[in-house]
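In what follows, structures are represented as structure tokens.
Consider the two complexes below, in which chain A is the common component and chain B and chain C are the respective partners.
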Partner chain A sequence: MSTGLLTATLRNYMRCLPLLKPSHCSRVVHCSSLVAPTRSRTTLFAPFKTVPSESSNHFQSMKRCLSDNSEKKTVKVQFIDRDGDSFIVDAKIGENLMKVAHQHDIDLEGACEGTLSCCTCHLVVHPDWYDQLGSEPCEDELDMLDMAYGLTDTSRLGCQVVVRENFEGLVVRIPPYEPQYT
Partner chain B sequence: MFSGRFLCSKCPKFSRLLSSYKVAVVGSGPAGFYTTQELLKSPSHQFSVDIFEKSAVPFGLVRFGVAPDHPEVKNCISTFEEIAARPNVRFLGNVAVGYDVTVEELLRKYHVVVLAYGAGSDNKLGIPGEGAAGCYTSSQFVGWFNGVPQHSSLNPNLSGENVAIVGHGNVALDCARIIAAPLPHLEKTDIAEHAVECLRRRGVRNVNLLGRRGVMQFQGTIKEVREFTKLSGVRLSVDSDNIEQIRSVLPKIPRPKKRLTDLLLKHSSPPPASPDDISICIKFGWTPLEIKTDDKGHVRSIVLRKNLISGDMMSPDITPTDHTLEMSCSCVITSIGYKVLQLPGVPFCHLTNSIPENLSRVLERRGGARVPGLYTSGWARRGSDGVLATTITDSANTAQSILEDLEGGVRSVEEGGDVCEILRERGVAMVTFQKWQEIDTLEREKGREKGKPREKLVCYQDVLNER
Partner chain C sequence: MWANLHENMLIAKRSVLCNITNKSVRFKATKIREGPGLDFFITSSLDKQSKKERKRLPRWLQTQIPKGKNYSKLKDDLRSLNLSTVCEEARCPNIGECWGGGDTDTATATIMLMGDECTRGCRFCSVKTSKNPGPLDPMEPYNTAKAVGSWGVDYIVLTSVDRDDLSDGGAAHLAECVRQLKIQVPSLLVEVLSPDFRGDLNAVENLASSGLDVFAHNLETVNRLQAFVRDPRANYKQSMDVLIKAKESSPGLLTKTSLMLGLGETDNEIIETMEDLRANSVDVVTFGQYMQPTKRHLKVKEYVTPEKFKQWEELGENMGFAYVASGPLVRSSYKAGEYYIKNIIEKQRDVSNVND
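Let's look at the complex of A and B:
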């Protein structure tokens, strides 16, 4: 991606963040600050966002105790949800981003359960990261993405992006719902 | 009718946090289930939700609309099953709201009533010959191959060589694909067995998809168009004027429209057909004038008028010309969208064929006062427009309006007295989710014998009688 294009995409990305306060935006853009999270709803809410379900962190850590060796490595990935709240989660390498979101109770749909037949797992990848995902959307993914609301140049379907080792610090955003008009 | 009786009583925040609201959802399609899901996600309110469904079986168009060769789309059913399994959610099938129980009665018993009953009636062309033997609406035709009980005996005439489908939307593409697809593509799906039997005897060679406007006004989506290019024994072609003019616009338009138009144009000069191929031809710029019948009253041809498409190709001028064409065919399917039906007791604007609403809140009339507690969602709100993703968005927006209103205060409703008691008194044979699961199991078993995911029952009476 050329610098000019990148700036344009970045601007586009920022424009699609109407719900984010400026402080959030800067936190999102300077994603290197990930390791030392600023005072944000992230730090307030993320640790409490667990429910006693199979997908919860609690369950995960229990499982980890039971089968430590088989447990895959994880990287930290940041999801920004529709309300602009951001969540830094441990994403298992080899898992797709939709599953990662579900495992951490992040509100991302996935109506067709990862079979490339809807576009409800639409994610907007931070422009700095788009070229580092290690895969380009295939024709079928582009076909489904074309139906997604809020499509951007760095849009992907969450179920098609598989977490890789270099994803440490990745930032993705769940685009807001299309508003209702009267 | 909706005045006065339901006074808003502001309740203090503390009690509101503890109270549980009763919600009635009318319709068990995606809008009904996803609105329920969105409400149940709320951290500050508790809900108990009753989902009423006119049919004996749940899931609306996911069961009865989505094409059998798109099983992945139906995966959303597992989410619906999870929702229905919640202790605070009840499915009440075989209950036609507005008839078995009125919306007014529901508003008396539930804090919130959500109208998610879809768009249940076909649009009509309004031309002579419509409805003749051999002319079917898309809901009849789709219902037939998808095992809708009342359409299971449609037995459409697919013995002739030529079929005309009016409309350029995804439903038209679904119908064309089911007619033309090689049988092995269909046999292992949950398509109704009577449809496979009929398709085995088909004599169809040409399917013409007729649109009144231009290529850039095509309503179908790219995945559905591309599917034709991947089916063996099917040859896709596109017949349109203005090809060069459209090509010249392509660089300036957004990616989705560009890719779709590109694909369509690619097929405006397709490779020669092999003699065994079934031809799918998407024709642009034709308005149907009349469906002609033979002396037995069976469809014989469709008469079309050519339209001149000019000006800006993105929003062209469509001018009728004198040029007409009589296209011979023995089967016509009209696939021109669906209409929302009025439910007795619910405000309705006949001008726009819609429920008057503002951000999902039902109004007494357009621009009028609100009907407290009454909301709408999905196709019942927006008309027959949009895929599942759109319906999910719609449901989230409806839930958002409901939650906002609950912050402001809650209508008081009658204490106690389950709606099921009224329904039982009226002799309504309700179907519970558990009963549906019995039907589901039976359908899967019947399907397994044939190597299909399920064989849909077209009569539920036997199962329902085992009470």
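Let's look at the complex of A and C:
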């Protein structure tokens, strides 16, 4: 009886131990002055110069977050929102980036629910990642992208980019709004 | 003896339990003292965390859950006649009040024509978006007129989705709806909340001359935020041109527009917009609070207070608008405005009768 009780007590205690893994919203540099006056790619992603970069502290902290689990179901993806704030989230493999953003409460819209009828989930993919997404934008996606503000050479619709295993460390930016007066 | 034994066993059990509990409590206390502190969990991302959270709904925006006899009857009528309402599709917070009849027991619904799928995707609107919505229902003008006739309302608001897939944007269909209504219920006052028809001014003229009493088209927001809040196919100048053309096509027509507040606009921008509207002879403006319909849409930037809304109302009236409806829950077709506009139209009718 006492062994059983001890086990139960220890089990209860284990639950109270603080989680030692960093939270998924890790401490990341605030890119406060990240307003892009032009559609220059380097301005949009500064000060994250290139990804992946062995020398950056940022990349080191992301490496620490990797789990040993060989059957990876999620990968770490970084969203930079319109104000330049970064959020590193666990993106489920097979989910599209728009849904990932919604699941993690990132400020990205998705009016047409992924039916290629609007451009509200427009994302700018980091140039180093654009060719590794595993898909090219189709005609319909390009038509919608043509209408979006802040368009760049590496723009995609979030609902059309499906998370794959090689997306570990992907960086995407929600383009800051550029007013157009008529 | 047995009782004593039992009691002794209980005491023994309790002491063992106490020992274990005490040990584990002491162990726990040590661990807590030596373990990570509170600051471990409070990171510099606290601001971002609170930024990610939505603002809480202020008490002046809390509404009743829709229910009641009128509400259910309206819902059944609409379904049986295969009609959609923007009240349901856009999740209007006033649905309970308008459909329930409110204080005056006059149930009002704003019927959404040309289906429930819009070809545009605006960041504020939860109406379904589709590149290829279903074909128009040719019976819709007749069914709408029949439904409205059977309700016995004397003021109806018609609105529609954008149909960029149709060559005229659906203008002819909408005009026919208005004509059918006027045939079936001649005394009915009809307001149409119109799309912009991609700036096709012939289509605007077609609708504006169909016999309606109030032509409404929403600017939605100030010039600076148009491309952010609305679909890129919509813009400030195009919408203003629609309102100007409607007035030109039918000079006695009342023109109306609506603005959502709380999206990040400044006071100066709102004033500029109101000045533009007055300069283009728009008669009525309404102000309402933007409310995020789903998590796929824009977050609310600011909950504007009822007092501020009142200030906009006063300013609008001073600027010469025939009527200003302004309040957190006011929407373009909120029922309170209908009565007043009805008065204006009847006044205009009286004046023209006297002159004749």
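What we mean here is this: the second predicted complex is superposed on the first by the 107 of 182 C-alpha atoms of A that agree within 3 Å, B and C clash if a C-alpha of one lies under 4 Å from a C-alpha of the other, contacts with A are read in each partner's own complex, and residues count from 1 in each chain.
In the analysis below, a contact is a pair of C-beta atoms (placed from the backbone, for glycine too) under 8 Å apart; a residue touches a chain by one contact, two chains touch by 3 or more.
What you are looking at is a predicted structure, and each value in this text was computed from that prediction instead of being measured.
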>> According to the stated criteria, A:D85 is in contact with first (chain B), second (chain C), both, or neither; which is it?
In response: second
>> Comparing chain B against chain C, which has contacts with more of the residues in chain A?
In response: C
>> Looking at A:P179, would you say it contacts chain B, chain C, both, or neither? Reply first, second, both or neither.
In response: both
>> A:S117 in the overlay: touching chain B, chain C, both, or neither? Say first, second, both or neither.
In response: both
> Of the partners chain B and chain C, which touch A:E109 in the superposed model: first, second, both, neither?
Replying inline: both
> Thinking of the overlay built on chain A, is A:L151 touched by chain B (first), by chain C (second), by both, or by neither?
Replying inline: first
>> Just checking: does A:P127 make contact with chain B only, chain C only, both, or neither of them? Give me first, second, both or neither.
In response: neither
>> On the A-aligned overlay, A:L142 touches which partner chain: chain B = first, chain C = second, or both, or neither?
In response: first
>> Quick check on the output: what are the common chain A residues between the chain B footprint and the chain C footprint?
In response: 107, 109, 111-113, 115-120, 140, 147-149, 177-180, 182
>> Quick check: in the complex, which residue numbers of chain A touch chain B?
In response: 107, 109, 111-113, 115-120, 122, 139-140, 142-144, 146-149, 151, 177-180, 182
> Which part of chain C faces chain A closely enough to touch in the complex?
Replying inline: 13, 16-17, 20-21, 24, 27-28, 31, 35-36, 40-41, 43-45, 48-49, 51-53, 119-123, 125, 128-131, 223-228, 231-233, 235-238, 295-299
> So in the complex, which bits of chain B are touching chain A?
Replying inline: 41, 70, 72-73, 75-76, 78-79, 221-223, 226, 254-256, 259-260, 357-360, 387-390, 392-394, 396-397
> Tell me, which parts of chain A touch chain C in their complex?
Replying inline: 1-2, 5-6, 9-10, 13, 16-18, 20, 23, 25-28, 30, 83, 85, 87, 102, 105-107, 109-113, 115-120, 140, 147-149, 177-182
